[in-house]
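Okay, so subunit A shows up in both of these, paired with subunit B first and subunit C after.
Right, the complex of A and B next:
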């Protein structure tokens, strides 16, 4: 019982933080894009986090600034996971044909750092699309590899043979019989794919390939508020803390689900 | 064996050139239309396209680019007109220094972190995994705010001109190297902790602990030999990761290196420069992995018997 509760903490808190960030804009007390105070105002009762370089309310900007970043990260992670699981199932089920192709692809894409891939893609694609495609290309082979390995171990179980003997269609066997056996593995992978996606989305935004000023965005706020770090450090901490918290929660989720499977990243 | 590894690396490099070329050239919006966007007539765009060889099929353009690449000719920058190889060569020293310093720091931090968490019975794994997950920009902001803006110990941005020598003022390397090294050390130690945990379950290590040898001695004499090969592989992986990470770090701290060059080239869609600058970290990873593989093979040939021997001497002496 305690174990169950302990395991649900990280995913539960993660869900709460993500929901808050996605709904944040409607909770913002001020317009996040309009000046309301003197630049770099210190925190006060009216502006709990003070103001930024243009005198905008930092609290409102933080509340509004997570939705886009997390939205991109969640989309990228979900896409990487879906494609990775599909590839992994194929590779595990037909090891001779699909397995080799997936391994080769994985080796190649592992050698291409995700950030380089995203930057190269950003030449022709908008920042968010580049993040999604890069997260898929660099993450899906990793997921596929783990899923394929797990597939290979359950491939010879009686219940799978039974399903095949019953004459079930291949795809049905994969989805209804094999996929549930991989649930734990996939849960652990959600966290890992989210971490990569969040890192990519943040980096591309900081480098200027994501949302453009004056949009409120946690990643942009990091670079906007750094010059005033001595005047109003809260303006820098305010976006840095939720961003770090999201990453830590993803890591905790992955770790809770992974338990023993360390080193698969 | 060595021949097979070399062929494999060569094939992967070749495949990487295909990926980089495809991502920059096969996607909609080619160099000519991007360069002339909004300020040229369709005829002028067509002329520019012909001038840049863009009217040829993709495969022909790829082969032409590849043959240039093999001769060290990466084309010329679309914005400055300078040869890409000159631009890369000019900025290589700054990035190489940065990656070398960051790699050394990563290695030290990783070893120290592994030893400390192991002496404290493996706690701190969660901490390492968490630290590795936090985006690099957060490290940049936190370190910049603390060491530069608040304490004033280090310059916030380097004012080095392109081609300058970062060692003239090594202080400019501290913030970038730390920003790169902290998360990558956390990442490297999560990768190595799995190997470490497995090694600690080996009979000779369990036995050494049981005989009451000091934990530090057990780590150095009985555990370390098993970690050399995985550590080399992780080091190679980390080198590539650091090389990619320079894109953010050099831009944030204004260090004129390859990563910053890649970012500015992407921003102005200077495709030949993007291709050249993107291939550098990829080739670094692949060569690093090759070196790690070769070193691992060498260690396997010479290193193993020494391990077994030293384990046996300890056994007989006790």
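Right, the complex of A and C next:
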């Protein structure tokens, strides 16, 4: 029982927070873009988190401000994971040909810091696209590497040999037989890819490459609300807390997945 | 975590322009603002004033004739060197090193009579040759200081005797004494090495400097009225929040140029005074007359009528400012006082847009940045106001470090910045057909002719009435939406008095300040 609960808490809360963030806009009590109070109003019963620089409701903006950020981060993480797993499986299964190419490419990409990559890309691409491409370029090689290593260790298992002997196609064996064995590893990797993507998306938005005003966005709100930190600190904390929470939950989920895989508690 | 980096970039990118705009003159008339430091009371002698000023240690300089990129350096220069003239409370230049001056008939030869009791810190008298040397050096460094003395022909300047200089201007220039205000720092002739501070003839002398802090002691040999303070510590702090915090925490006595939010917070916390300097910050909307849809005067008029000026002043400047009337220099002595204030009229705005063929709406992109606090807020709020007349304005916040090179005077619709420029200087930089940064593409032959005629008139009242005339045209037809002017805000601890609250660089001349104990 304890085992089960310990297992489910982090992923469960993460799922709840992400769902809330993605649907938040419909729950917002006010129009997140409409000024409703004096700029930098302190929290009150009408406005639990007070108002921002334009006098907009911070609560409504926090509720509406996660969807885009998390959407971009999820897309980026998913893309990095898919490409990384595909490359890793290929590299582990055909170490001679694919393995060498993937290693060489990975070494090249990992030499570049993800943030610098994202900033360079942001000059040419829209912010969201830059996050996705940078997350893939910096994350996929890491995923590919661990997947390839794991793949190489199970490659000689009897059940895989059996599948190959049955005459099944290589790709089918990879997906149907090998991938399930890597489930825990991939689950742990999701969390890490997501944290990186979240960091990149936040950084670019804070630097002004992401969503543009008046769009509500947690990361953008950080820079928008900083000048009023002394007048309404809640306006700064309100988007910072869910951002930090998301990152923590991703990390916790990754750890849970790792423990589950390794049977460590 | 990342924001300090960004604000540092922001400042670096924006500074050249800000300085250029300020240096280009920065003077107004309205100095009646109640800076709360000028309460009556008998000045007390002695004490140290600790002043935190905008500045970045990385770009600190000892050269008073260079770019003046740091206000912290500028304040040190203003206290340690004499200048020919200083900005007066009424907006007219007042005597400093130059006691009197006069011009020839054609207003292109100006004779300045220097005071005879000024001496440098090494005991040598300040002579006409020192003045000529210093002004020539400023003119020679045009590339560094944005052509600060470009209107003067220093090759034709002369010194008939030890205490007289005759300066030549390239064209008739009624406001030559004003152009020399604040920035004509005089150093001893032949000074070439500015790696260490060079001695001046001002009210204070530098005892120690490093990149961030300068300690000045009173110069008892100064010719002027003895300053009350014994000592002034100038500290360069780039971040406005950090400057305000230095005063509220008691680490400094004065914080120069802080944000409205910081002032509001400090006032709520009590035990601080606020110096409000009028007509300092302006974020006009710039529309280029040579590109659609702004080539249609009805569109420009509609945009001005759709603007809710008070809401913008209340939000962007948190009320520390005044609404404006679409002219960029409302504090200039030449401002047409009888001008009708444009007010919000959504029906008329919609009508005009319909007549201009935009009945089914307009979609535009407005560029802005975060160089100065509230520039982005201004754009966002104004965009909302325009939505009410069916104009969809997308706000694009550009990186601050490239804004003044990639957007300013290049795009056709953006948020600009003015920091207390005078009307004649505004015209020279931005409103003549041949102006280097004619950001609204205002090209009007009769405007140019009337301006040049006005600048050849010596009598200020007559000159200003001519200048007021051409501002009527600009008000009716120009490419600006000037919705408000924000106050310059300084924060001081309760015991500080006698700080200047006048326009432009007057704020740098703090030698009359004093402190209660």
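FYI, the second predicted complex is superposed on the first by the 259 of 265 C-alpha atoms of A that agree within 3 Å, B and C clash if a C-alpha of one lies under 4 Å from a C-alpha of the other, contacts with A are read in each partner's own complex, and residues count from 1 in each chain.
One rule holds for everything that comes next: a residue touches a chain if its C-beta (ideal position, glycine included) is under 8 Å from a C-beta of that chain, and two chains touch if they have at least 3 such contacts.
Worth saying up front: this structure is predicted, and the values here are computed from it rather than measured.
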Which superposed partner A:240 touches (first subunit B, second subunit C, both, neither): first
Touched partner set for A:255, first subunit B, second subunit C, both or neither: first
First (subunit B), second (subunit C), both or neither touched by A:39: second
Which of subunit B and subunit C A:199 touches, first, second, both or neither: first
Touching partner for A:223 - first (subunit B), second (subunit C), both, neither: both
Which superposed partner A:90 touches (first subunit B, second subunit C, both, neither): neither
Touched partner set for A:148, first subunit B, second subunit C, both or neither: neither
Which partner reaches more residues of subunit A (counting touched residues only), subunit B or subunit C: B
Touched partner set for A:208, first subunit B, second subunit C, both or neither: both
Shared contact residues on subunit A - subunit B and subunit C: 203, 206-209, 222-223, 226-227, 229-230
Touch list for subunit C against partner subunit A, complex: 2-3, 6, 241, 244, 259, 261-262, 264-266, 268, 314-315, 318, 370, 373-374, 376-377, 379-381, 383-384, 394-399
Complex contacts: residues of subunit B adjacent to subunit A: 12, 15-16, 19-20, 23-24, 27-29, 125-126, 129-130, 132-138, 140-142, 144-145, 149-150, 156, 187, 190-195, 197, 240-241, 243-245, 247-248, 251-252, 262-263, 266-267, 269, 271, 274, 278, 281-282, 285-286, 289
Footprint of subunit C on subunit A - complex, ascending: 33-35, 38-40, 53-55, 203, 206-209, 212-214, 222-224, 226-231
Residues on subunit A engaged by subunit B in the complex (per definition of touch): 107-108, 111-117, 119-125, 195, 198-199, 202-203, 206-209, 219, 222-223, 225-227, 229-230, 233, 236, 240, 243-244, 247-248, 250-252, 254-255, 262-263, 265
